[in-house]
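Read through the structures below before going on.
The same chain A turns up in both complexes below, where it pairs with chain B and then with chain C.
And now, the complex of A and B:
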């Protein structure tokens, strides 16, 4: 039995490119990876939003209304439902004048118990050090 | 010898990131390493067959075929390909198509993972 830890680091704003959404969909795919592994082996996914990437977390996104697309917000909520660890950099939120009240924190309507954690960058670097591999989006 | 998993999300035309990923795959295989190449997002463009080579645009069908013949394992994200109209019958022979969990599965026993994001 072994576990490979992947850290998904999102640095780019949403909708300008496909990267943030692909980060989330690939991280969510950790929930079905077992079909490629031996019994007991795991691949886990932690997600961190840093830099301009914190803009992906703004709540109230109208992607369905404007583009008929699932929003990045809904993907973050799905990640919470699947108990993925989602971190958002506090310093970068501050840089944009944003606070916890401006971003997705929880997803009770999805039945999620997990919450987004707004943390100092030092905690994100600590998370990154604990990972086996980092994937930057 | 080790295993390298490369994920590339950049398009075939518009950047040279896929060119780099293929050249790196070749270099790693030359040294005896196993290489898995995952293409997702716009990167799935490399999975199309019948690419016409012009000098002003990247065309990787020929080197990709040569590397696959030597054991390069190439898989394209099926949903990303389908969303772009790249259907199974457009796919280069030898390129597999799976969902995103294939990439994560490949990282499990990889010695190194090199992730090259999209544009």
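And now, the complex of A and C:
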């Protein structure tokens, strides 16, 4: 029995490139590999938004209405529905004058129990140290 | 020359705007360029807003990023739609550039 821990670190703002959204889709897809695993083996995925990447978390995104695109916001909510650990760097939120009330925190409409955690960068560093594989987006 | 420049990135890697000296300059903030109009880093507005220029920001790209509130927008910047961009290009400026 083994657990493989994947860490996805998003450090760019969204939409101009697919890059940040790919982090989320990869993290979400990582939870569908059960059929390839031995009994008892697990793959976990943590997602951290740092630097300009925290701008992905601003709530109220109207990507469907304007461009017929699924929003990054809805991807974050899907990650919460799958019980992924989603972290947002507090120092970077502060740098942009953003608070918890400005960003996606939960997804009750999706039936998600998990919430986004706003944490100091030291906790994100700790998370990165615990991962088996780190992927930067 | 009357020039309108589209800015589509938040972190600029070129200094083209510093080198241009048009008689009239317009700057249209699109895609991730819209963050220049809304985001204050450490309380300071973007340095891109320091040019002597007319500033515009695309409403659709603001809304897509969850930035539709008027309270988040710098007062120098006017919100426009796609149709307004066409009017600006045809009526107000001779040339356009995409940065």
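To be clear about the criterion, the second predicted complex is superposed on the first by the 137 of 137 C-alpha atoms of A that agree within 3 Å, B and C clash if a C-alpha of one lies under 4 Å from a C-alpha of the other, contacts with A are read in each partner's own complex, and residues count from 1 in each chain.
Following the convention adopted for this analysis, contacts are C-beta pairs under 8 Å (C-beta built on N, C-alpha and C of every residue); 3 or more make two chains touch, one makes a residue touch a chain.
Quantities reported herein were computed from a predicted structural model and do not represent experimental measurements.
After superposition onto chain A, partners chain B and chain C are found to sit side by side with no clash. Of the two partner chains placed by the overlay, only chain C lies in contact with A:65; chain B stays clear of it.
Chain A has more of its residues touched by B than by the other of chain B and chain C. Look at A:55: by the touch rule set out above, it reaches chain C but stays clear of chain B. Legend: residue contacts after superposition of the two complexes on their common chain; A:85 is shown touching neither chain B nor chain C. Contacts of A:74 after superposition: neither chain B nor chain C is touched. Vertex at chain A: the C-alpha centres of chain B and chain C lie 90° apart in angle, rounded to steps of 10. When the two structures are aligned on the shared chain, A:45 is found in touch with chain B, with no touch to chain C.
In the superposition on chain A, A:15 makes contact with chain C only, while chain B stays out of contact range. Here's the short version: in the overlay, chain B gets within 13 Å of chain C at its closest Cα pair. Note: no residue of chain A belongs to the chain B contact set and to the chain C contact set alike, using the contact criterion stated above.
Note for the complex: chain C touches chain A at residues 8-11, 31-32, 35, 39-43, 60-61, 63-68.
Of all residues in chain B, only 7, 9, 40-42, 80, 99-110, 112-113, 115, 117-119 touch chain A in the complex they form. Residues 2, 4, 6, 12, 17-19, 22, 25-26, 28-33, 35-37, 41, 43, 45, 132-137 of chain A touch chain B in their complex.
On the side of chain A, the complex with chain C involves touching residues 13-16, 52, 55, 58-63, 65-67, 69, 71, 73, 95-97.
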